[in-house]
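Below, chain A partners chain B and then partners chain C, in two separate complexes.
Right, the complex of A and B next:
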């Protein structure tokens, strides 16, 4: 295995600690929230959990020292525009803390993305155009509402498929039950 | 009953599911998000200098006929320090490198360059990550290979390792 460093996403939690794990040739930078500090000393299984969490949140290494972008935490003056921006931000996925929308995440990159969205809305762009702009850069991954295509077809048709298989199994079973009753009786 | 083995199918499915879960628990998923903005022109930008004594970076400067690297970095990013020797090696091999500093302060950039060296021809300051977002970049460090016409040809996510240096030089050479 080749030596590999992870990148800095922006940190997910203020005051995150840095932990350097060296196992074999692999080097990973892992962050964990301050509340996990004492737990880590308790046992290795918690360490496993930290490794797991590091998979959920891109590892970060340090806090940048800039204040958030103007529109990261400030609403637009026009309530109608803010409502449009808010709806779009809830649909966009944070690149750093990947289980959250950019509306929910405090990661600096999410703040910068909110600034980007609000600035574009204020400049008169439509939410659909902004989404298209972001999808062109990050792929459908960045949206919580991906379009119907080859990759998502199984999600849409999966339940119908399972229902059909279940129906087919149940039908076969009922029929066999009837024919067995018939032969016995 | 004839097909007795059919009774074991649910157990086998459970076993497969369990195996999949245990595999994912021991080998966490790769969570890199690759930029889709590849084989596309550099987005338009005009970034101010990241610190005193360096030149800022304009997208129009990236189409001067010479293939180059654009390195997205930050002084607060520890892996970026680990990448510095490789960038120096690329510079020594004649590769032009421009930098984009993400969410950085001029003093911090100056201290960073002082500490790890400055392989950059120009360094633009991207205070609100807007160019980073326009590039489809999701973290630091990231490096983009740009051809002589200013078209982005490849994205490298994470630290450039020493064994990747010759390959990058060859790729840029091939773009000439």
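Right, the complex of A and C next:
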């Protein structure tokens, strides 16, 4: 059997807070160059170097060689339930990767979270309840769909504001344009 | 010696950039006219020397000269030649040198070919380009010297990240960089024109080929990068609104807005201030993107400490350039009149709406990318991902596509909309047909993919409308370009919609001999065997996919292991196998082995997807680039020059 030497991230129980403590890992990546596992940041292709500069992946520990949880790579029998689980998984962040949802990451933590989501859906929980549970555990960081609250009001209303101001300026110009043209003609 | 020579060339090139800047500035302040004649040759020489330095760096990688730190860290003597060469720009220092090389070459090309502008505007443009180069020279020479030697040469290098060992790396970053840096020329033209107050059709025409050219490269770069991520990462995603993807999209959006606005300025002498502003924004966004990626700011505020010196250096450079250009704009805003007026229902009017929507999308992508960084600094950790962008940018993009339907059918200045109304019914009918077809036969389709495919139907038909009733042979190339690019948008949109709406996924642990059904395919997992590549070992799976019509195709996905070189850890990658069919792609990944409880043959994790019309996404991207290229070719007036020359020759032949 093929052994997995390098894995991205840490076992599930390590949780999200690891992220903050690991900025040292990125420094080491600069020194040693390529040592990233299957967890590639999604946008690496834009700048090849992004991989080398900013990674949070660590070499494997013995625990990583445990086989993945059953539902990590297995779909639910009921297509409707699987579709619900899939939609939720695409909105959840893989906490030890970068820019990857748990639906498309090879990291063990992502596998464990997929298992968690699928088993809860199979047990009849609603996606909203699962998300609330995960957010309570890991914070808003885990969800790619930012909530609407005081801290994100500008995020949600910013584009609308931009469009309104831009539109007001542009249409102001049109009106003036027409009236001036009218006075000319 | 090669490394030392390279470094020396860089210093001389930096000195030449300094010369162009000083001579240009003195001339513009009323210095002697001789100074202006210095600027062109200095710009050309700077471009040539920087290119030579970059060639020397490639030579060091090809020779695997491990006494150079950059080579030792990023290359290995056993690597295939293509990746040795590509390794030269697959790292921070090398990619910054590539950036400078392209900056130098663009400056040289402007110096050689630009004859339409007034001399003082051209000198100001070249001086601005030299000022840009000088900052990046300082960055390279003081904080990221690519030619640095090691005190003791290691026996061999650490190799290149296996994920980057792909032909994609050889072409993708240079393509994107040409696009990014090409926008620097538009930036310099804008600064030059602001300095000499020559803002009008001549300036817009000089700038237009550069905007189109860099936008072609950005389009190709993003399209190719999306396809690379799609097949390399092993999960079949083509766009994830990742911050690194976003910062490449933002200059593209600015470029798209700019090339439409510059068309208005060149043809109608309107929207002048707006064109200048967009030219400044375009390259500023390229720099912001480089800064965000280079400084490590993306990861989180904490990793900003990864390289504070480089990050701060880039931040200061950016502040100087963007701040400088914007203050110049503010100073001259009074003297830049907006130009000719127009009605809302006119081609200019539709282009203004196009620009408004494009810049709103640009602003929201930038906002979504930077928001988590700022929020984290304030102690709030949030993630902004696909749900946000799809919900906010999606509807705006669809409205933008509908404006795109109307724009080309309207006349300049003022229109009564008759032509528009006479040509719309067929397009609306096409959209309605798609919509009802999907509702009746499509099953459960999400709202955004549904609207996306409907709008794609409308745009596909309407984008061809400008050709109706025209003599196709006499239709000018730029019109063809516009039609093809707009049609490409429809194709791309249809691919995105169909892939999101009708994707079929199967994840199974299969034993050799098992048959897995996905969509219409019956895929038989034959077995696995070990294979050895040039610098990796792999397990290769063999699968035979049978279609309902009885055809069968063999797929060979691989799980590769790259050994750790010189003390680094080994790495694993998945090589997906793709089967392209007219209706879409079958995407197969070989995952981990699953030991069975009774100790019999191992099963393997297989991931299979049927992705309907997925390749239309990249076909659309390619069509957009082809359209822009035709438009550029038409504007370059090569054809006109050639015809004129042929006519002159013919005349000479018959001359007595």
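Criterion: the second predicted complex is superposed on the first by the 98 of 185 C-alpha atoms of A that agree within 3 Å, B and C clash if a C-alpha of one lies under 4 Å from a C-alpha of the other, contacts with A are read in each partner's own complex, and residues count from 1 in each chain.
The criterion applied here is as follows: a contact is a pair of C-beta atoms (placed from the backbone, for glycine too) under 8 Å apart; a residue touches a chain by one contact, two chains touch by 3 or more.
As the structure is a computational prediction, the values presented were derived from the model and not from experiment.
Student: Just to be sure I read the superposition right, which of the two partners does A:108 touch: chain B = first, chain C = second, or both, or neither?
Tutor: first
Student: According to the stated criteria, A:116 is in contact with first (chain B), second (chain C), both, or neither; which is it?
Tutor: After superposing on A, A:116 lies in contact with chain B but is clear of chain C.
Student: Using the touch definition from the top, say if A:128 reaches chain B (first), chain C (second), both or neither.
Tutor: The answer is neither, since A:128 touches no partner chain.
Student: Contacts for A:139 in the overlay, against chain B (first) and chain C (second): which applies, first, second, both or neither?
Tutor: A:139 contacts both chain B and chain C.
Student: Determine, under the contact definition given at the top, whether A:98 touches first (chain B), second (chain C), both, or neither.
Tutor: After superposition on chain A, A:98 lies in contact with both partners, chain B and chain C.
Student: Examine A:69 and indicate which partner it touches, taking first as chain B and second as chain C; both and neither are also allowed.
Tutor: Only chain B; A:69 stays clear of chain C.
Student: Let me check the overlay on chain A: which residues of chain A are in contact with chain B and also with chain C?
Tutor: Looking at chain A, the two contact sets intersect at 2, 4-6, 51-52, 54, 56, 98, 139, 141-142.
Student: Considering the complex alone, what residue numbers of chain C touch chain A?
Tutor: 73-74, 89-92, 95, 158-164, 168-169, 172-173, 176, 225, 228-229, 232-237, 240, 242-248, 293-294, 296, 298-300, 302-303, 305-307, 338, 341-344, 349, 352-353, 356-357, 359-360, 363-364, 367-368, 371, 375, 378, 380-388, 392, 396, 414, 505-509, 539, 559, 561-562, 564, 567-574, 591-595, 602, 605, 607
Student: If you look only at chain A, which of its residues touch chain C in the complex?
Tutor: Listed in rising order, the residues are 1-2, 4-6, 19-20, 23, 26-27, 30, 32-38, 40-54, 56, 59, 67-68, 73-75, 86, 90-91, 93, 98-101, 103-106, 139-146, 151-152, 154-156, 158-159, 162-163, 166-167, 170-171, 173-174, 176-178, 180-181.
Student: Spell out the residues on chain B that touch chain A in their complex, using ranges where they run on.
Tutor: Touch list, chain B to chain A: 25, 28-29, 31, 33-37, 74, 76-80, 82-83, 102-105, 108, 127-130, 132-136, 138-142, 157-159, 161, 163.
Student: Would you tell me which residues of chain A are touching chain B in their complex?
Tutor: These residues of chain A touch chain B: 2-10, 18, 29, 51-52, 54-56, 58, 61-66, 69, 95-96, 98, 108-109, 112-113, 115-116, 134-139, 141-142.
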